[in-house]
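Next, two complexes with chain A in common: one pairs it with chain B, the other with chain C.
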Partner chain A sequence: MGRRTRCAVAVGVVTLLAVFPLVGVGPYYIRLLNLAGIYVILTLGLNFCVGMAGQISYAQASFFGIGAYASALLTLKTGVSFWAALPLSALVALVFGVLLGLPSLKVGRYYLAIVTIGFSEIVRLVLLNWKEVTYGAEGVKNIPVPTIGTFTLNTDLRYYYLVLTIVLFAVFVSIRIVHSRIGRALHAIRMSDLAAEVMGVNTRYYKILAFALSAFFGGLAGSLIAHYDTYLHANSFNFMESAKILCMLFIGGSGSIEGPIIGAVGLTLLPEWLRFLKDYYMAIYGVGVVLLMGVMPSGIRSLIPQLARFVQRLFTNKQRAVRSEH
Partner chain B sequence: MRTILQAEDITVRFGGLVALNGINLSVQEGQIHALIGPNGAGKTTLINVLSNVTTPTTGRVTFNGEPITGLPAHSATEKGIGRTFQNILLFAGATVLENVMIARHCRTKYGLLEAILRTRNVLNEEETVCQKALQELEFVGMADKASTIAGNLDHGGQRLLEIARALATEPSLLLLDEPSAGMNPQEVNTLMDLILRIRGRGITVLLIEHNMQLVMGIADVVTVLNFGEKIAEGTPKEIQNNKDVREAYLGRGIQYA
Partner chain C sequence: MVIQLIVNGLAMGFIYALAALGVVMLYNALGIVNFAQGEFATLGAFIAYSLIAEMGVPYPLGFVVTVMIVAAAGVLFERIVYRPLRHKHFLTVIVSTIGVMIFFREFERIVWKPIPRFFPDIFEGRLITIGNVVIVPQHVFIIGVALVLMVSLYLFLNKTSVGAKMRATAQDQETASLMGVDVEKMIVLTFVISACLGAIAGVLFAPIFFITIDMGGTVGLTAFCASIIGGFGSIPGAICGALLLGLVEVFGAAYVSSVYKPAVAFMLMIAFLMFRPRGIFGEKVSVKV
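What follows is the complex of A and B.
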């Protein structure tokens, strides 16, 4: 694809996403889309660590939580606006990301997974028990809704455009990083630590950078959820949440940009579409995830080339049909 | 002639095993220097020390007059020591071109913010990365395979790609760990020619080899290791006639009274 076509496609997709919720989609669906967007940011973040650098992390929900709490507490206790709290909370998460990245220099892959599980439990317990700062088990209430002047982002639709903006930012940053020397260095580390190092990649720096980027995106998502739900509880940022984000990454296809997006949107909407199954819906959902991983080990994304060929054939056939009519 | 690499009194112990024992080695600029010896002699360990993959228990290495012992391996690459691996260590899932592009990492400078903003500088550097990578593929005769997945190359191709990748880091000293292993005679001839052309570019080559035709054919100096010690050093002719070397390879002759 040339530069022109890529630009045209990007503009088309953005316009579609901007107009989509205006045409007869109810608030329930817009809320789902907002959640999907937040998960897209989380999954794209985790993609730096797991998909690109190959460092297994079960801590993405912790960065989500750290960002959410940082943003909520900053606005409630110091009175700064959401617009300052959003980047600040991402930076707070980033600092913790660097801290979690340090053991990755010493510990091998499977053991690193255990370290990240430990980290996420510690984060949850601190958030749950540090009453003086985090309000403990009561959770954080009355988190202010973002405003622009006198305009309040107090409906799902209004919040949708905020989420969409941050999602586009996350996608943009991800694309730029993947196609740079930084992306190549991260991929090299996943494929072979030693070979990457000998090719001149400072593997220590880049492993920590991968964790930092993951955490930064996690923090952005956290800030968004805090001011959307206006209520936080430490138990929402548990191990299962991290596992869900990992699922989204692998089901969509890790290491790419489109994979995490497909995975995050798919796994947010799918359970909702299965609700008619009542009591069994989570069981069916689980079986579906297992089957999907079995049939497409490199994720749903592996369907895209086939789909593209199919569409191309469809178009060329149509052109031929039009030509033969003349 | 100038000494490009000087290793002094290198000892490496793995627990109770002495892999290298007080090795001294100096490599002269512009030469092809071969390192030979029976299996387990410590040749790969020595290459690992020289490329800073292994830190020696004692001893020091100076490269271009600068001490490099204890530095991380990536800074050795940055300073101009490139290497390949005995048990081929490619980025198997990436394409041939991508493999070589990754190796340009230490010759590019732009950081995270620049990458996100994609400044003019980034575009320029990326263009150079691509050009240089293609040049190196051309140099080893693999330009037509640029978009092949590295893991799908035949064995000889993978060895050549490793060399192209190491060359892309712009080394002044290239360490080759058994480059001809698993190659057929025809491929070995191509390889010999390639190594001579690498020297022709002004790159010093230190190589581990078991193929004596290759060593005797192109090496300027040969160093022989056995049980972690240096037992001989000299021109290929001298080494061929060295009694200790023959004993190390073939065992002691029976003395008839």
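What follows is the complex of A and C.
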């Protein structure tokens, strides 16, 4: 695709996404779309660390939580507006991301997995028990809704455009990073960190950067969820939440841009389509993850080239048919 | 007070030790870490609850049947989860075990409903009093069973021919198969033993706390921390690490604060990884080339 076509496709997709909720989609579905958008940001974030750099992290839900709490507490306790709290909370998460990146320099694989699990458990317990700051087990209530002048983003539809903006920002940053020096360095580290080091990649710097980027995106998503739900509880940011984000990444296809998007949107909307399964949904989901990892370890994304070929064949056949008619 | 805490801590430690043995055996044999290990403990506790508390099966029989059922689950796990992923990337394996965890939890939620269950105390609330020291018999029972199991596992691995075959498989699958060892069978057996250890830990643990869906997850992760503290891959290390964790948890909860009890294992483990990454007994752990 040339630059022109790429631009045209991007503009088309953005317009479609902007117009889509206006045409008869109920508020409930818009809420789902908002949640899907927030998960897209989280999964794209995790993708830096896991998908690109190959460093396992079970801590994405913690960065989500740290961002959410930072944003909520900043607006509630210091009176900062949402627009300042959003980047600030992402930066707070980033600092914790750098902290968690440090052990990845020393240990890898299963050790890193358990360290990140430990980190997220400690974060959850601190959020849950540090009553003076986080309101403890009561949770944070009455988080202010963002406003622009006198215009409040108090409906699902209005919030949709805020989420969409941040999602587009996240996608844009991800694309730019994949095709940059950073993306290539992370890719080299995933292939072999020793080889990358030998080739002159500063692996220490890039590993920490991958964690920092993951955390930054996690923080953005956290701030969005805090001011959307206007209520927070530390236990929502637990191990299973991190596991869910990891599943989204791998089911979609890790390491790419489209994979995390497919995974996050798909797994947020899927329960709606599979409502008839009721209580069995999650059990079937668990089995699904296992089977998919066995059959299609690079995720649903690996179907795209096949699908593209199929569509192409469909088109060429049609053209041939049209031509023969003339 | 101190003696009671020691007994209590050792009992917890032995439960972690059983689960940790399962983790280490799998790791040594196959080089994988099963994060769903703790789920075997939860499953064991729930099945034992149904058999013993609800259906009135006598305790010893119920115990044995439970362990057999969970062993069967271990075989299924090997067939469905491990075998197709044997040569896949480790991240794929980790995500797959997340799927297993979700499945186990939801299966339990459907079958036993998300209500915490009380496991009846087989000692009917009796206590052992020696002077002014009061000891819960379940704790002594746990320590006893765990010790017997560990000794028999040791004898099995070191004194029987099947044990030798298992160790050979753990050392080098290819060479073992050239020597006529049925490697596939040994791998299944490793999974069975590891599932059984988990189940036994779960059944022993059940009367101390409620049985909940999250119970095994905590035990499994603590067991994993314990094996890192002890030195990953070392069996005596895993046991020592587990006992240390059990004691630190109990004493920490008694003298410092019980709020952060679930984080104690992780903090200790992270401290070990920072300052003595090879653990108490283990070899060097930094990433292999």
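The rule is short, and it goes like this: the second predicted complex is superposed on the first by the 326 of 326 C-alpha atoms of A that agree within 3 Å, B and C clash if a C-alpha of one lies under 4 Å from a C-alpha of the other, contacts with A are read in each partner's own complex, and residues count from 1 in each chain.
FYI, a residue touches a chain if its C-beta (ideal position, glycine included) is under 8 Å from a C-beta of that chain, and two chains touch if they have at least 3 such contacts.
What you see is a predicted model; the values in this text were computed from it and never measured.
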Overlay on chain A: chain C relative to chain B, clash or fit | fit
In the superposed arrangement the C-alpha centres of chain B and chain C open, at the centre of chain A, an angle in degrees to the nearest 10 of 80
Is A:R204 contacted by the first partner chain B, the second partner chain C, both or neither?
-> first
So, A:I177: does it touch chain B (first), chain C (second), both, or neither?
-> first
Is A:L125 in contact with chain B, with chain C, with both, or with neither (first, second, both, neither)?
-> second
If you count the residues of chain A that each partner touches, which comes out higher, chain B or chain C?
-> C
Touched partner set for A:L194, first chain B, second chain C, both or neither | both
Mind working out whether A:G108 is in touch with chain B, chain C, both or neither, as first, second, both or neither?
-> second
Once the shared chain is lined up, is A:S254 touching chain B (first), chain C (second), both, or neither of them?
-> second
So after superposition, what is the minimum Cα distance from chain B to chain C, given in Å?
-> 10
Hey, what residues of chain A end up touching chain B and chain C alike?
-> 194
The chain A residues in contact with chain C across the complex are 50, 54, 56, 103, 106-111, 113-115, 117-119, 121-122, 125, 129, 193-194, 239-240, 243, 246-247, 250, 254, 279-280, 282-283, 285-290, 293-295, 297
Would you mind writing out the residues of chain B in touch with chain A in their complex?
-> 51, 53, 72-74, 77-78, 83, 85, 89-94, 98, 101-108, 110, 112, 115-118, 122, 125-126, 129, 165, 169
Mind pulling up the chain A residues that touch chain B in the complex?
-> 172-173, 176-177, 180-182, 184-185, 187-188, 191-192, 194-204, 209
In the complex formed with chain A, which residues of chain C make contact?
-> 33, 35, 80-81, 84-85, 88-96, 98-107, 109-110, 217, 221, 224-225, 228, 232, 259-260, 262-263, 265-267, 269-270, 273-274, 277, 285-287, 289
